[in-house]
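Dropping a structure here in C-alpha cells format, bear with me for questions.
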Amino acid sequence: MSQTVIVHDEPRVATTTGIDNRKLGMWLYLATEVMLFSALIGGFLTMRTRAPADANHVLNIPITAFNTFVLIVSSTAVVMALSAIEDGDRKRMLRWMVATFVLGATFLGIQINEYRILIGEKHLTTSSLFGSGFFTVTGFHGFHVFVGVCWLGVIIVQTLRNRFTTNERDHMRFEIFGLYWHFVDVVWIVLFTIIYLI
Amino acid sequence: MTTSTTSVAVERRGWMRHGATSWRDYFTFNTDHKVIGVQYVVMAFTFFLIGGLMAEVIRAQLIKPGNTLVSPNLYNELFSLHGTIMIFMWVIPVFTGLANYIIPVHVGANDMAFPKLNAFSFWLALLGGIIMMVSFVTGGNASGWSAYPPLSEQTGIGQTLWAVALILIGFSSIFAAINLLVTIMNMRARGMTLMRMPLFAWSMIATSIIILLGTPALAGALALLIMDRVAGTQFFKATGDPLMWQNLFWFYSHPAVYIMILPGFGIISETVPVFSRKPIFGYKMIAFSSMAIAIFGFLVWAHHMFSSGMNPLLRIPFMITSMIIAVPTGVKIFSWLATLWGGHLRFTTSMLFTLGFISMFVIGGISGIFLASIPIDIHVNDTYFVVAHLHYVLFGGSVMAIFAGLYFWYPKITGRMLNETWGKIHFWMTLIGFNITFLPMHALGLEGMPRRVVTYAPEFALGNLIASLGAFLLAAGTLPFVYNAVISLVRGKVAGDNPWQSLTLEWTLSSPPPIHNFPEPPTVDSDPYGYGKPLVRRVPPAPRQEAPVPGGE
Amino acid sequence: MTYASQPTPASQPRAPEDPRARARSNRVAALGIGVLAVVLGFLAGRFNPLLTGSTSSEGVKVDALFSVLLGIGTAIFVVVQGGLLYSIIRFRQKSDDDDDAPAVRGNVGLEILWTAIPAAILTGLAVYSYATLANIETPAPDAITVQVTGRQFAWDFYYPDRDVHSPELHVPLGLQVHLVMHSDDMIHAFWVPDFRVKKDVMPDRVTEVRFTADKAGTYPIVCSRLCGVGHAFMRSNVVVQPENIFATWLYAQQTGATVQAGGQPATPAAAGKAVFEQNNCGACHTLKDANAAGKVGPDLNSIGTSAAKIIQDPGYKGKATDAASYIRESIVEPNAYVVPNYPPNVMPQNFGQTISAKDLDNLVQYLLSQK
Amino acid sequence: MAMPSKSRAGAAKTRRSNYVLVFLSLGALTALEVLVSSMTNIPRVSFLLGMSFIKVMLVILYFMHLRSDSRWFGLIFFLPFLLVIPLLTVLPH
C-alpha cells in the first residue's frame, strides 16, 4: 500500500520538555476546541436567555440519558483499549476498539433518530430560537463524533492489516485519538446538562 | 539520509517534496519549513498588491465628493475585501511565513514539529484566499470586514463564500500556531532555556497563543452566520441577537490586532540590537510584556462596542483594561529607545524601517488611548479617526515591521543582498506617502466624516484630496521594492553567511541554509544579544545559578 | 557551536572621547526632551486645535476631556520622537568605526519607572473618562422624549405627545432631549458630530441617547454604521430652535398633519412628495422636483412616462400592467424587475410594511406625475 | 521518547481498576442527574451544574490522564477557561 514509508525517517530526538510532539500538539488543539465550543455554547445560551419560553420540553430526556451513557461507556472502552496496548495484548486491544467504534456509531444513530422525530414534529432550525441553538450545537458535536468514528475506523482497519500494533509509537497514536474522543465525551456531558436537563 | 546536509537539495517522498533546488519545487506540496516560509511570504505579498490595488480604487473614488468612479455597491465590496485581504491574507500569513522560515532556525531545530501539517496549513490558506477572490467575483461581502449582521445576512451569495474562506484561513492559522508552539516549546537547541530564546520566538509564542484561543471564537461566529444564511437559524437576526456577533467577532478580532503586531514587535526586537550594536535593553520585560499582551488582549474586546446597544455598565471594566493594555506596549517602546540610546547606529534599509516602525506605531498607540476613553470613542467610533488609527497601527506598525524583517532576512533566504539605494527610495516614499494619506484622516474623523461611505459632504473635500494623493505616492513607493526584490535575486551582491554581524543562530548557517538546517546540533550558552563592549564573548556568564525552568526545560 | 563563536570585527577603539562628558551631554539631552515634552504637551492641551466648539453642553465636556488627552498624547509623542531623533543624530555610527557600542543590558529602576508612570497616567485617564461619562449621560427630569426610527436609508422622528412625525429632528434650545431609538431593518448609528453624541440604532432592542443643544442652528445627523448601499446618503438634520419657536413648529406640524388626515388642501401628489422626502428616497434616486440627486438607483425624473414603456419591454418580468402598478411594484417588491445596469437586492424590500397604504397611494400618484 | 517503557504492565493494571471505578461513578452520576432534573424542591440548576462539573473532571483527570501527566497539559487545557468566563458573562447581556 502507498502510505508505508513515511514513518521511519522522522528523527527520534529527545524533545526539550520530554513530551511527545504529537501529544503536545493534540492538547493545544483541544484548547482551540474548548474555545470553539464555548463560542457555540455561548450562542446557545444567548438564544436561551432571549427566549426562555422556547423550552426544551420537546426533548426526550430518558433516551438522551441513555445516549450519554453510551458515550461514557465508549470512553471507558478507549481507556481499556489503551491499557491493553500497554499490556501488549493485541486481541484485547482490538476488541475494545471495535466496542468503541460500535458505541460511537450507536450514539450517532440515536442522535439522527432524535433529529428525525423532532423534524417530524415540525421543530426545525427555523421554528424557534431554541431550535436554532439546539440543532447547531448538537449538530457540531455530532460532527465531532462522526470524525472520531471515522478516525477509529482507520485505526481498526490498520490493526487488521497489522499496520497498527502495540508498539510504543502506535501507543502514542492511540493515546492521541483517545484524548480527542474523551474531549468529545466531555463536551457532550456539558451539553447534556445545559441543553437537556436545565 | 545520504544527501549532503551542507548543500541545498530536494528530497522526494511520494508526491511530496522536501527542500527546493529550482523554482518548480515551490509549487509543490513541500514539507521543508524554509520552502513553506517562502511560499507564505510570496503568496501574502501577492495579496498585499491585490489589496493595495483595491485601496487605490477606494482612494480614487474618494478624491472628490460626489465622485462616480465606482457604484456604491461595488465600493462597499471593495473596502470589505480590502480589509479582509490585508488582515487575513497579507499581515497574518506574511508573519506566519517569516516565522516559518526563521523560528526553527532561531531555536536550533531542523524543521518545524509537524512538517506535513505545516505544508497543509499553507495550501489551506491559499485555498481560502482563492475562495475569497471568487466570492468577490460572485458579488461578495458588502458589509465591511467586520460583517455585522443583520446586514451581512442580506448581502449576496458571496458573503457565504467569504465566511467559508475565513473559516479555512482560520484553521490554517490555528494549525500553524500549534506547529510553532510545539516547535518552540519542544525543539530548542541544547542550552537554550526560555530566557535565552531570541525575542522573535517569544513574540511568536504570544502570537500563537492568541491565534489558538481567539480564532476558534471567530470560526464559531462564522459558523453561526453561515447557519443563519443557509439553514435559516436566527442567531443574529432581529429576532435573535445581532449584538452577539459583535461580541464573538471582537473577542477574536481585537486579539487579532495583537496577532498582527506582536510578530512585528519580535522582528523589531531583533533588528534594533543588531543595527545599534548593543544588547537589547530589558530582555525579560520585553518577553513578559508580550505574554501580558497575549492574555490581557482577550479582556478588552468590547471597547469596539462602546456606542453599540450593549449594557452601559459593562463598558467601564472594558475601558479600564483597554487603558492598561497600553502599558506593556509602552514598555517595549521605551526598551527599544533605550537600546538605541548610546548605540552605534547603522542606517541600513532594515534599520530605517525599524525606526519608521517605532515612530509611526507610537502615533497609532497614542490615538488608541483616545479610543479607549469612552466619551471620546463615542464621538469618533466608526469615523475616519478610526481609519487613521488602525492604519497607523497596521501599516505604520505591522507593514513597516514586515519590511524591516524582509530587508533583514532577504540575504539569508536568497543568499543575495537587496540593493540599498532602491531600499532607501522605497522607505522614504512609503513613509512620506503613508503620512500624507493617513494623517489628515484624524482630522476628518474628528470633524464628522463617517467611515465606509462612498461619498461625503463637500467640507471634507480638501482632506480627502490630500489623502488620495498620498495614497498614490504610497502605492508608487511599493514598486521600487518589487523591482529590487526581483532584480536582486540575480544581480544582488552575494550576501555571505552573516552580512549584518548578527548573533542569532540563522546567521551561523550558509545563505540560504542547507536542507536540514544544522549539520550538527547547535549548543547555546547565552541569549543572542551579546553585542557590545566590553566583549562578553567566550567568557562564560557570571556564575549566577540559573534556576531550572519548571517542566524540565 | 555557540552564539559566542560569531565572527565580529574587532578593531581598536578610536581616538578616546571622554566617556563621562559624553554621558553628561546625553543626560542633558534626555532632560531637554522631557522638558520639551511637558511644554508642548501643555500647549497642545491648552490650545487643542482638533476638537473644539461643540454646540451641546455634553459635547463641551467631551472636548475638555479631549484636550487633556491631547496634551498627554503630545507629551508621549515628543518623548518618543525626540528620543528617536536624538539617537539618530547623536548615535550614528561613524564611517571609520566598525565597533560595537558599550553593552548595557537593562536598568531595573528605569524599567519600573516606565511601567509605573504610564500605568498611573492611564488609570487617571480612565477615572477622568468615567467621571465625564457619568456626567454626560445623566438624565434630566424635564427632558423631552423623541422616538427615533432608523431604516434604510432614512430617519424618522416621532413626537409622541403631539403625534407628529418628521424627517428632520427639531429640538428646543437648552433643554435635554432624550431619544428613544429603534431600527426597522439594519443596525444604524445616530450621530450628531457637533454634539459628540452617537449611539447604534438596533433592530432587536431599544437604545437611548441624551443631549442638550446649546446653540441655535442646523447640524447634520449622520448614520455612522454601515447599513447598506445607501449608507453614505443616510443623513438628516437636527434643527435647534429657541423653545417658543420649537413649540410653534411642533404645533404647525400637528395641525398640518390633522389637515392632511382630513384630506383637505393637500393633493395626493403633494402628499406623495412629502412621503418621498420622509423616506429619503432622494438618497438613492435623482428627482429634480424633490431636489434629489442620488445615483444609487434609477433616475426618476420622467418615471411617469418611462414606466409605461418599461412594461412593454420584452425583458420585463414583473406582473404590472400599467404605469401606476409598475411604480407600486417597484417600491413594494423591488426585485420583481430590476432596471438594467442596476444591481438587485439594493433597494430595501420592506417599504410595503413601513409605508402606510395611503402614503403609498400618494407616493405612486406623485411619481406618476413626474413626466 | 516521552514514555520510557518502565513497568508498563504493572502501571496499566492499577490504572485499569481506576478506570472501572471512574466508569461506575460516571454512570451513577448520569442516573442521578436525570433524577434531579425532574425535582423541583431543590436548587436544581446548581446541583446539575455541580454534577456535570464532577463528571467532566473525572474524565479529564483519569481518562485523559491529566492527573498523572505533564503539568503543561493542564496549563494548556485550563488556560482557555480563564477566557471563557468573561466571554460567557458578557454574551447574553
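In order of appearance the chains are A, B, C and D, and numbering begins at 1 in each one.
As a convention for this text, a contact is a pair of C-beta atoms (placed from the backbone, for glycine too) under 8 Å apart; a residue touches a chain by one contact, two chains touch by 3 or more.
Source: prediction; values computed, not measured.
Peer 1: If I average the C-alpha coordinates per chain and also across every protein chain shown, which chain's average lies closest to the global one?
Peer 2: Of all chains shown, the one whose C-alpha centroid lies nearest the global centroid is B.
Peer 1: Is the C-beta contact count larger for B-C or for A-D?
Peer 2: B-C
Peer 1: Round to the nearest whole Å and give the separation of the Cα centres of subunit B and subunit C.
Peer 2: Result: the chain centres lie 28 Å from each other.
Peer 1: Need the CA-centroid distance for the pair subunit A / subunit D, whole Å please.
Peer 2: Whole-Å distance between the two chain centres: 15.
Peer 1: Which integer distance in Å separates the CA centroid of subunit A from that of subunit C?
Peer 2: Computed value for the inter-centroid distance: 48 Å.
Peer 1: Counting only Cα atoms for the centres, state how far subunit A is from subunit B in Å.
Peer 2: The separation of the two C-alpha centroids amounts to 34 Å.
Peer 1: Can you tell me which residues of subunit D touch two or more of the remaining chains?
Peer 2: 70, 72, 79-80, 83, 87, 91
Peer 1: Among the residues of subunit B, which ones contact at least 2 other chains?
Peer 2: In subunit B, the residues touching two or more other chains are 185, 213, 217, 239-241, 244, 248, 251, 551.
Peer 1: Counting only residues that touch at least two other chains, what does the list for subunit A look like?
Peer 2: Expected reply: 15, 17-19, 24, 28, 31, 35, 38-39, 42-43, 46, 50.
Peer 1: Which word fits the touch map of the chains here: line, ring, star, complete or other?
Peer 2: other
Peer 1: For subunit D, which residues count as touching subunit A in their complex?
Peer 2: 1-3, 5, 8-9, 11-13, 15-16, 19-20, 22-23, 26-27, 30-31, 33-34, 36-37, 44-45, 48-49, 51-52, 55-56, 59-60, 62-64, 70, 72-73, 76-77, 79-81, 83-84, 87-88, 91-92
Peer 1: Which stretch or stretches of subunit B touch subunit A in the complex?
Peer 2: Those residues of subunit B that touch subunit A are 1, 13-14, 110, 113-114, 117, 174, 177-179, 181-182, 185-188, 192, 212-217, 219-221, 223-224, 227, 231-235, 239-241, 244, 248, 251, 521, 551-553.
Peer 1: Where on subunit D is subunit B touching in the complex?
Peer 2: Within the complex, subunit D touches subunit B at residues 70-72, 79-80, 82-83, 86-87, 90-91, 93.
Peer 1: If we count contacts the way the header does, which residues on subunit B are in touch with subunit C in the complex?
Peer 2: 68, 71-73, 76, 139, 142-144, 148, 150-151, 154-156, 191, 238-243, 276-285, 307-309, 312, 315-316, 319-320, 323-324, 326-327, 330-331, 333-335, 337-338, 340-347, 355, 358-359, 362-363, 366-367, 369-370, 372-376, 378-379, 381-383, 442-443, 446-448, 450-457, 498, 501-505, 507-508, 518, 520, 522-538
Peer 1: Along subunit B, where are the residues that touch subunit D in the complex?
Peer 2: 185, 209, 213, 217, 244, 247-248, 251, 295, 298-299, 302, 310-311, 314, 550-551
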